[in-house]
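Take a look at the structures listed below.
First chain A sits with chain B, and in the next complex the same chain sits with chain C.
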Partner chain A sequence: MTKYDDVLNKYPLPSAVKEELKAEFERLGINKTKARQIVERCYQAYLANLMEPGEAAGIIAAQSIGEPGTQMTMRTFHYAGVAEIDVTLGLPRLIEILDVRKNPSTPMMTIRLAEDYAKDRNKAREVANRIEATYILDIADVATDIRHMQIIITPDEKALERKQLTVEEVKKRIEKGLKTEVEESEGKLIIAISEPSYKVLMDTFDKLRRLVLAGIKEIRRVIIRKDGEEYVLYTEGSNLKKVMKVKGVDPARTLTNDIYEIYEVLGIEAARNAVIREAISTLEEQGLEVNVRHIMLVADAMTADGELKQIGRHGVAGEKQSILARAAFEMTVNNLLDAAVQGDKDSLSGITENIIVGQPIKLGTGDVELIARLR
Partner chain B sequence: MSKFRMQDHVLVPKHEVLSKEVAEELLKTLGISPEQLPKIRVDDPVAKEIGVKVGDIVRIIRESPTAGKSIAYRLVV
Partner chain C sequence: MIVTVSKAKKAFPFKYTRFERARIIGARALQIAMGAPVLIETDKKDPLEIAREELERGLIPITVKRKRDSFVWLEHSDLF
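Moving on, here comes the complex of A and B:
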């Protein structure tokens, strides 16, 4: 196998191409001279297929994503995908991705489990309980007694067992969360309100209802599904940072569809990958095929500054240096007015501004200038 | 349990800091100044993990669906 390696290593071909060539050579058992000729031909084809310098790659990407985009469902479309969780799809989702919304409308996580948890349903349940937010109403009946100014909590044995909680734990959690004394009598928990005020009673009741007894506040629901050999958790709601620290979770394979969260927790490169993944899967789900290269270019533009920027006037388009190009995009009057007030100059170096003033653009053949050599 | 490294995550490609000599060599072959590279922030979680200072150049080895492996560089800002 090494005999093909030194032939291939002489050419700066992408590693995927090299792998493919090598596999094919080995299958056919080609000798070294032939191999060299084939690689040479391949390299010529590779060079011929590279993007020309001065080609407007961005416009091509924009059109290639834009045209299939017209065929996407425009209304907010949800579907019961894996595990009955509602996910925004179609055009609204694509817009969400490119706008880098800080709070996507349907945050969702895919949580894979650590080795010793993944195969066992009960252990998966255990992890799910640690993640899913549990409120008092999930595990008990709560009643207010106005006459005695107290709140009576009647725990539901079965629900407690399913959530793997004990009355004792619930009591402690409430005491800590509400900073009040909780009395236990005949299996019931009683919170006495010292002040004889109806308002205080209702406020305490509201606080109690919103108190997270176990799990992570943002995770509203967890569903366990078997994917091949192992159990996987799907959640409604997302909090990557906290979930990654939960015992039993495999942090390396835990994903969320909230791209901004990925950027904050895992950094710019992970965000770039997440943008590509999410955009491609959204398009694919709609049955549209867009070459990854276009999406990669968009993701590169969004992450070039080391900061996750949206495509739009608050991001990539808004940071164009030319006033005319910005004015041509959105908020024309504001942009022109601001530029006039500040006495800005436009150096007419980009495409849009040159089209506006009616000059040849610096693209393709317009990008080069010819100088005649006088003999 | 040993502490989880961000670089072990499936979404995070391998990052490595370039030494001064390698960085200079790179800029020479590319024929660009460091500011022309894409940026990565010093407070980026992965950058913090590998320990970089402002002005360093980070090499990122990405798993690319088109090229197999692709190498990108970012300037730490």
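Moving on, here comes the complex of A and C:
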């Protein structure tokens, strides 16, 4: 783009550093030679700050996340931040992220709209209606008539208009969903039950109540908010796969806080980014500053095998090859007993095992092998 | 970023990491403390201090064996 880009592109600096440099160059209007010298100096400083081989990177990461973690409030903190949607925050949320829960307690999506929908409130409303799950009780009164064995649905004109539905559409949807005939008379919809059975009537009523007339089942609520120039949809509940396909949604800028869903829909790299983003934002929300690099290491450990693994018994810690390392973490007796029954061997190649048996560990100074330098 | 293996396996410019330095100084100080001949002229009495000065002047007859890929250093020409 600018003349500084080809200078910066020659150096493998982190993109954040590059951006900062570029902004500063542009502000000062420096020439190319000067810029190159500055970048070179930055690169030298960057190299000097890289971690040395042998450093206990994992332990430093664990401590750097753990210490601020102790400051976190334990209680589940619900807050009305963006658009009155409850979000699990603080320690419970952090635990949720690291445990890779398949169903987070408060799934939430931030949906940004395609260009021609984003600026217009009515069009945004249109998209919201396509996403939000609409049930019969949202748009009509439903009564059961036991004497004539029928269910009478009285649609609410205003609610229908707001949801951009017609009686005709509702009728079709019910017919398809319940596989029954629906009669229309005087603006009312009537479902007649053929069998004279009270149970069938109540079952049909229940089914009708749970039938999704429009939208996506998992999305319980949609809130439209103006964010700067454009309208953004915030949802309670999450279904990334379906929402991305909805007309008017910009799939590239649509987010969910359900990490496992991101992993299933977009793959492992997206999941890694999601873990980093969610963990950092949870910590930042609590006013705790943790360097991204520590979180990145954790995210890498969780995703390195190509599948999203939790930190803990059923994931990273539970899949360690050493018996002693696993026994040191959780379920000591089970691990040792299983290993004994199977006649497993421990090669004592890791850190934990060697600490347990009281040997020097392969880390830092312990990882250096000395040889004589003969002249 | 894709780095070809052959290109990436460039030797690390030989500079000791702080762990290697500590280990070498430690080993040498132990030798001196147990009576090994000192290789420099110095007034220092502490074996650790002597070992440190010896390392500074590059006289310690000890070096490290690096066997793993962890010492691969990526030059920026490898990355772009």
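Quick note on the criterion: the second predicted complex is superposed on the first by the 327 of 375 C-alpha atoms of A that agree within 3 Å, B and C clash if a C-alpha of one lies under 4 Å from a C-alpha of the other, contacts with A are read in each partner's own complex, and residues count from 1 in each chain.
The definition used in the following text is that contacts are C-beta pairs under 8 Å (C-beta built on N, C-alpha and C of every residue); 3 or more make two chains touch, one makes a residue touch a chain.
A quick note: this is a predicted structure, and the numbers were derived from the prediction, not measured.
Contacts of A:305 after superposition: chain B is touched, whereas chain C is not reached. Set against each other, chain B and chain C touch different numbers of residues in chain A, with B touching more. Applying the stated contact rule after C-alpha superposition, one finds that A:9 touches chain C and leaves chain B untouched. By the touch criterion defined above, A:244 lies against chain B but remains apart from chain C after alignment on the C-alpha atoms of chain A.
Touch criterion not met for A:360: it reaches neither chain B nor chain C. In the superposition on chain A, A:372 contacts chain C only, with no contact to chain B. Of the two partner chains placed by the overlay, neither chain B nor chain C lies in contact with A:66. By the touch criterion defined above, A:267 lies against chain B but remains apart from chain C after alignment on the C-alpha atoms of chain A.
Every residue of chain B that touches chain A in the complex is listed here, in rising order: 4, 6, 8-13, 15, 38-41, 44-47, 60, 62, 64-70, 74, 77. On the side of chain C, the complex with chain A involves touching residues 1, 17-20, 22-24, 26-27, 60-68, 70-71, 74, 76, 79-80.
Those residues of chain A lying in contact with chain C across their complex are 9-12, 43, 52-55, 364-365, 367-375. For chain A in complex with chain B, the residues that touch the partner chain are 14-19, 244, 251-253, 255, 262, 264-270, 273-274, 277, 292-293, 296, 300, 303-307.
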